[in-house]
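In the two complexes that follow, chain A is the common piece, with chain B as its partner first and chain C second.
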Partner chain A sequence: MSRVFGDRKTILILLLPTLTIYVMLKVIPVAWSLGLSFFQGNTLRGFEFVGIENFQTFLSDDAALNSVWVSVFFAVVVTAAQVTFGYLLALLYVFVLRKGSAFVRTAVFFPMVLPTVAVSLLFKSLIAVGENQGPVNDAINAFGGESVEFLASTSGTMTIAIVMTLWSSMGFYAVLLYTGLLDIPEEVVESARMDGATGPRLVGYIIIPLSLPILLSSIIFSLNATLKVFDSLLALNNGGPGTTTAPLTLYMYRTAFEYAEYGYGSTIALALTLLCLVFTLVVFRPSSKRVED
Partner chain B sequence: MNIRTRRRTVAVASTLLVSSLTLAACSGGDDSGSGSDGGSDNGSDAGTSIGTDADSFEVLTANENPTLREQLDALAANQCSAENEALPLEHRTIAQGDTVQQITLLASQGALPSHFIAGTDQVRPTGDLGGGDLVLDYEEAFTEAGVWENILPAASSTVESVYGQMVSLPYQYNLEGFWYNKEILAELGLEEPQSYDELVDAADAAAEAGYIPIAQSGADGWPLTRLMGLYIFRNVGPEAMAAVRDGEASLTDPEYVAGAQALQDLALNGALGDGFISRTGDQATAALLSGQALMKYDGTWLLSAVNDAERNEVGEDNIGFMPFPDVSGGQGSADQYPANAGAAMAINPETYGPLTADWFACIAENYGEQALNEAGVLSGFAINGEVGDIPPATADIQERISSIDETVLWFEALLDSESNSLASTNVSLLTNGDMTAEEYMSQLQESIDSNR
Partner chain C sequence: MTTAPVAAPSRLSGPRPRPKPMHRRARLMARRLPVWLLVAVLLLVMLYPQFWMIMGSFKTQTEFFANPTWALPEQFNLDNYIDAFTRGNVGINYRNSILVTLPSVALIVLAGLSAGYALEIMIFKGRRQILLFVMGGIMVPGQMILVPLFTVYFQLGITDSLLPMILTYTAMGIPLTTFLMAAYFRAIPREIFEAATVDGCGPLRSFFVIAIPLMKNSMLTIGLIQFFSVFNDLLIALTFTTRPDLATIQVGLLSLSDQYGSTQYGALFAAISINIIVLLIVFVFLNKKIMAGLAAGSVKG
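Up next is the complex of A and B:
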């Protein structure tokens, strides 16, 4: 086996097809998009070099800055919530339910396999008001409250979007973290218990430090997925009311494809990429230092 | 350990970076050359801009519009069978929401079909297609072929005022107004409202009696801006939005802001019913046709639902149609119906060869009768031939169309695509009270100015 991998030619033959596809489908379009951010126009009208004008526009564009805020807010809140809930669920699986956790794991994971648009429609009908009122408002009425049109307000839409995302994705993080917890050697936990560490102290001093790598990976997965949120906010309320819940991805899509401004659309894409990079680095830097210590 | 960790960090970071860049790649689109190299220059020198026939008569329509495809198929099988034999009809479809993107791509590759749906803004003289000779202004070609008189004058004037040139075939000709439930109106002891104030009173009475006064679909945005736009047209006059386009008036002028204020008042006073912001178009139609709502402002495309006994539970005789009423002291009048001719269906000059021209001539001569007889659709084509029994509502609309001498457009018709989208997305903020009428109008005016 080592001889096979020692042969440069073999390595090249094995890698070339994948590498070619990868370069053609990812690297070239990305570079192309990067270049486009210095132009204005579209494929039909032609492109005109405008230097950094698109970037200046971006910085003074209220709609774009609001979209950055929506993306960051959504990413931070949802990541904090889904990793926390996922971790609590994982602890529940390992320490409380133990071997009997299979059913709960499956049940909580199940929404993950549903398409986001279907989940959005489901939640829309749950919170509907008016002629076809949904159960949420029925419940509010039953307790004597007035029906609430959640999708009529920014905070309402955001809340529903967050709850919806949590419902559908915390099962995934629970399973991911669960596998991390299973890797913690039983003897370590046992000896900690013998030393008197139980409950919160056991979790705080033993479990969390030992599952830190997988926890950090979850946070990075989650941040990158939620920074790029698109379908759920689009399907739920089309980024509305107004454009107050339109994330950067939706603004990019509208700019590039609805208004046919490919150059500015690429600029927004670049901003999004940088945002993802910054978040990843912020999470990675302290973590790598800690591992080195 | 140190080096390994760092290397791993770099590897993971670059994987993540690449996966996050995937999105950036999406927006890059496909640039296959720039400018109008995909276009045709045949138009300028050939007079009637005769191009070269393609292998088939390819028609690109919206998924959402099966009626058009069915009627063209029917023509291909009957009245236009000779044309179809010479140049077979072939359908292609796209989602209406993707129109601008797809057409931009096809046009830049020189791959536009013979006949295609396009974005309103694209086919105007200032648009990417209309400005680049990529769509045929068919008046001359149709006149030469002797079929121009098949385009109804009302329709051609509407097409002209929406698109600035004759670049869209009027497969539909729609008026807009209030559809209302006659029974409920009688039950409330009211007559058809003749002024905006009477309309508001009727709405209040309906709300008190437990009906949805005006069932509009806020989820779509435009059903709400229509109400505001019509108030402005009645208040300022039929040229209201053209004046804004030409920079002679601003949406922040008090008479325009009054329109936004009127809509906000309607909404906040409950005239649009509970939950109207998330109400969909189908739900709104169902509310009217099941007798839950007094009124719905909509186009005459609603006829197919009104005439459908299964959907219309209150009976076709109980649904009436009336124009958006006068606003007291306003310059406009209720006789100026808003009219449109459906989504733009343009002709590709490059493939407008003799056989394709025959196809279009056949469509112009026969579509009007075919669509009315088979689908109950009122089009902007003349009706040449016998028409069977028409349902009363359709006959009523047909009579109105024939008596119209002046129409208005809709609120967003002359706006650029970005402002257009802003108008309908922001309207939910206006109607829930988060935005004042002044704020709504000034944001919109800002967008119009920056896209000028």
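Up next is the complex of A and C:
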């Protein structure tokens, strides 16, 4: 039996094409990019070995450090908000709406499948000011407020970006956590209720601890996705005003393709990769211990 | 508790209450009122922006300036849609997106399926290590491979086609897909494949006649995850789109918004609405699969 399933030719036929594509188009480019981070220049101008100069530049480059800050701030705030809102929605689906939650679940989930660019342009139109004002500012005017030009300020742009991301992805986290909640055995919840746990106490002592693994998966997934945010901030305000809301991804893209600094661009990409790695480890290490206990 | 005839499993509020006198039922409904209000507000926030945009796509330029933003269009005129297709290149963008997405997704699913089978059903030394090696790719952001790939594609002279996008999406989709396919194969009892061998079916043949039919559902699920990530991608499309006639929908939308700015809302609204409507139709038919698929992809990834 093992001779049949150990057949070399079959293994090669099935595995080799995939491995070849993966190595040629992903592994080698990653190694190449790592190497490029020690060089300066681009293909037209030629490359020059500069050692760790790019890393030194990175640490003294205000725009780069601001990008790190934007990426981290966005990732932490959005992750906290979307996992919290997602969890509240999941609790609503399971305990309040119960069997009737299908329509609400679908309607809240749908924006997840819309392209981020389309969502950004939709929100840009919703908050537009001026001759052709969007409903948001119309509503502010109706309550006697002055029109707000959200995209003129860093904090305004950031606020819209966060609200927009929540709008489009909280339904996804809700469904994710909802399936996690459905996996909790009925008997556990029943017996806790027999012991007198109700409402918030039941949620705090029984439901949350039991859904901890799926909560942590959601947090790791969300951090990884939000650290790579690119489309939405680019389409919303192009990282503006100025470059104050440009995350690392956007800063890397500009450095490499608008200023043709391939070497420095690779250094920024490396910084982004390390950031994703560090965030995952920080969440994963203590959590994997706790789950084992 | 266990003997009570409970119709629907209701976890927080206990067994379903017996029929009550009218005034008690009214009190119960009043207690539920805040929940219904909350749900109504939630639905309004989720649905209104999309509704508003679709309605806006039917408005004329004069209506935009003369009427309040929440007014419905005076009539459903399709000029904006015609404009989006003729001057906004929406048709070409759609064609490009489909020409890029379908081959990419097909290649990703095929590559992941065969690798998953080789790594999970076949037996050889080092298969765990190879699986880990492929999975490592899940963590790496796309920015990391852009510059080298751009250089290579340029030197190969294929930047004037959609090929660079297809190749890049395929490579980027392989790690997660291989990982998920391997997990799905692990869930299939090995005995099925062993029985086939006893009947004289080689491993390559059982891949085609047993594995593929058994994995149909998983292939659809993973195909959907990959469809949305490729179709909605901006980064790769923006980097490898060297000419406007190669632009995908996302790149097209972005340039459309730059081009029209705040002057020509109609065409932009129509272009975005086409996006919303098309995806809505796909979603209505497949929503259970899509929700389950995306959830599976994230928990395991």
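Following the convention adopted for this analysis, the second predicted complex is superposed on the first by the 279 of 293 C-alpha atoms of A that agree within 3 Å, B and C clash if a C-alpha of one lies under 4 Å from a C-alpha of the other, contacts with A are read in each partner's own complex, and residues count from 1 in each chain.
In this text, a contact is a pair of C-beta atoms (placed from the backbone, for glycine too) under 8 Å apart; a residue touches a chain by one contact, two chains touch by 3 or more.
All of these numbers come straight from a predicted model, not from anything done at the bench.
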Contacts of A:Leu202 with chain B and chain C, given as first, second, both or neither: second
Which superposed partner A:Glu186 touches (first chain B, second chain C, both, neither): second
Contacts of A:Thr249 with chain B and chain C, given as first, second, both or neither: both
Residue contacts on chain A - larger count, chain B or chain C: C
Touching partner for A:Gly265 - first (chain B), second (chain C), both, neither: both
Partner chain in contact with A:Asp231 - chain B first, chain C second, else both or neither: second
First (chain B), second (chain C), both or neither touched by A:Val113: second
Touched partner set for A:Lys99, first chain B, second chain C, both or neither: second
Touched partner set for A:Thr280, first chain B, second chain C, both or neither: both
Touched partner set for A:Ile13, first chain B, second chain C, both or neither: second
Shared chain A contacts, counted only where both chain B and chain C touch the same residue: 25-26, 29-30, 32-33, 36, 43, 124, 128, 130-133, 224, 227-228, 249, 252-253, 256-257, 262, 265-266, 268-270, 272-273, 276-277, 280
Touching residues (chain side chain A, partner chain B) in the complex: 25-26, 29-30, 32-34, 36, 41-47, 124, 128-133, 147, 149, 151-154, 220, 224, 227-228, 237-244, 249, 252-254, 256-260, 262, 265-266, 268-270, 272-273, 276-277, 280-281, 284, 288, 291-292
Parts of chain A lying in touch with chain C, wherever the complex brings them together: 1-2, 4-11, 13-15, 17-19, 21-22, 24-30, 32-33, 36, 43, 92, 94-99, 104-118, 121-126, 128, 130-135, 138, 167, 171-172, 175-176, 179, 186, 189-190, 193-194, 198-199, 202, 214, 217-218, 221, 224, 227-228, 230-231, 234-235, 249, 252-253, 256-257, 262, 265-266, 268-270, 272-273, 276-277, 280
Chain C to chain A touching residues, read off their complex: 1, 8-14, 35, 38-39, 42-43, 45-47, 49-50, 52-53, 56, 64-65, 68-70, 111-112, 114-115, 117-119, 121-124, 130, 134, 137, 139-152, 154, 167-168, 170-172, 174-175, 178, 193-194, 197, 202-204, 207, 228, 231-235, 238-239, 249-250, 253-254, 257, 262, 265, 268-269, 272, 275-276, 279-280, 282-283, 287, 290-292, 294-295, 298-299, 301
Complex contacts: residues of chain B adjacent to chain A: 1-2, 5-6, 9, 12-13, 16-36, 38, 98, 100-101, 104-105, 107-108, 128-129, 132, 134, 212, 219, 273-279, 283, 286-287, 292, 417-418, 421-422, 425-426, 428-429, 432, 434-435
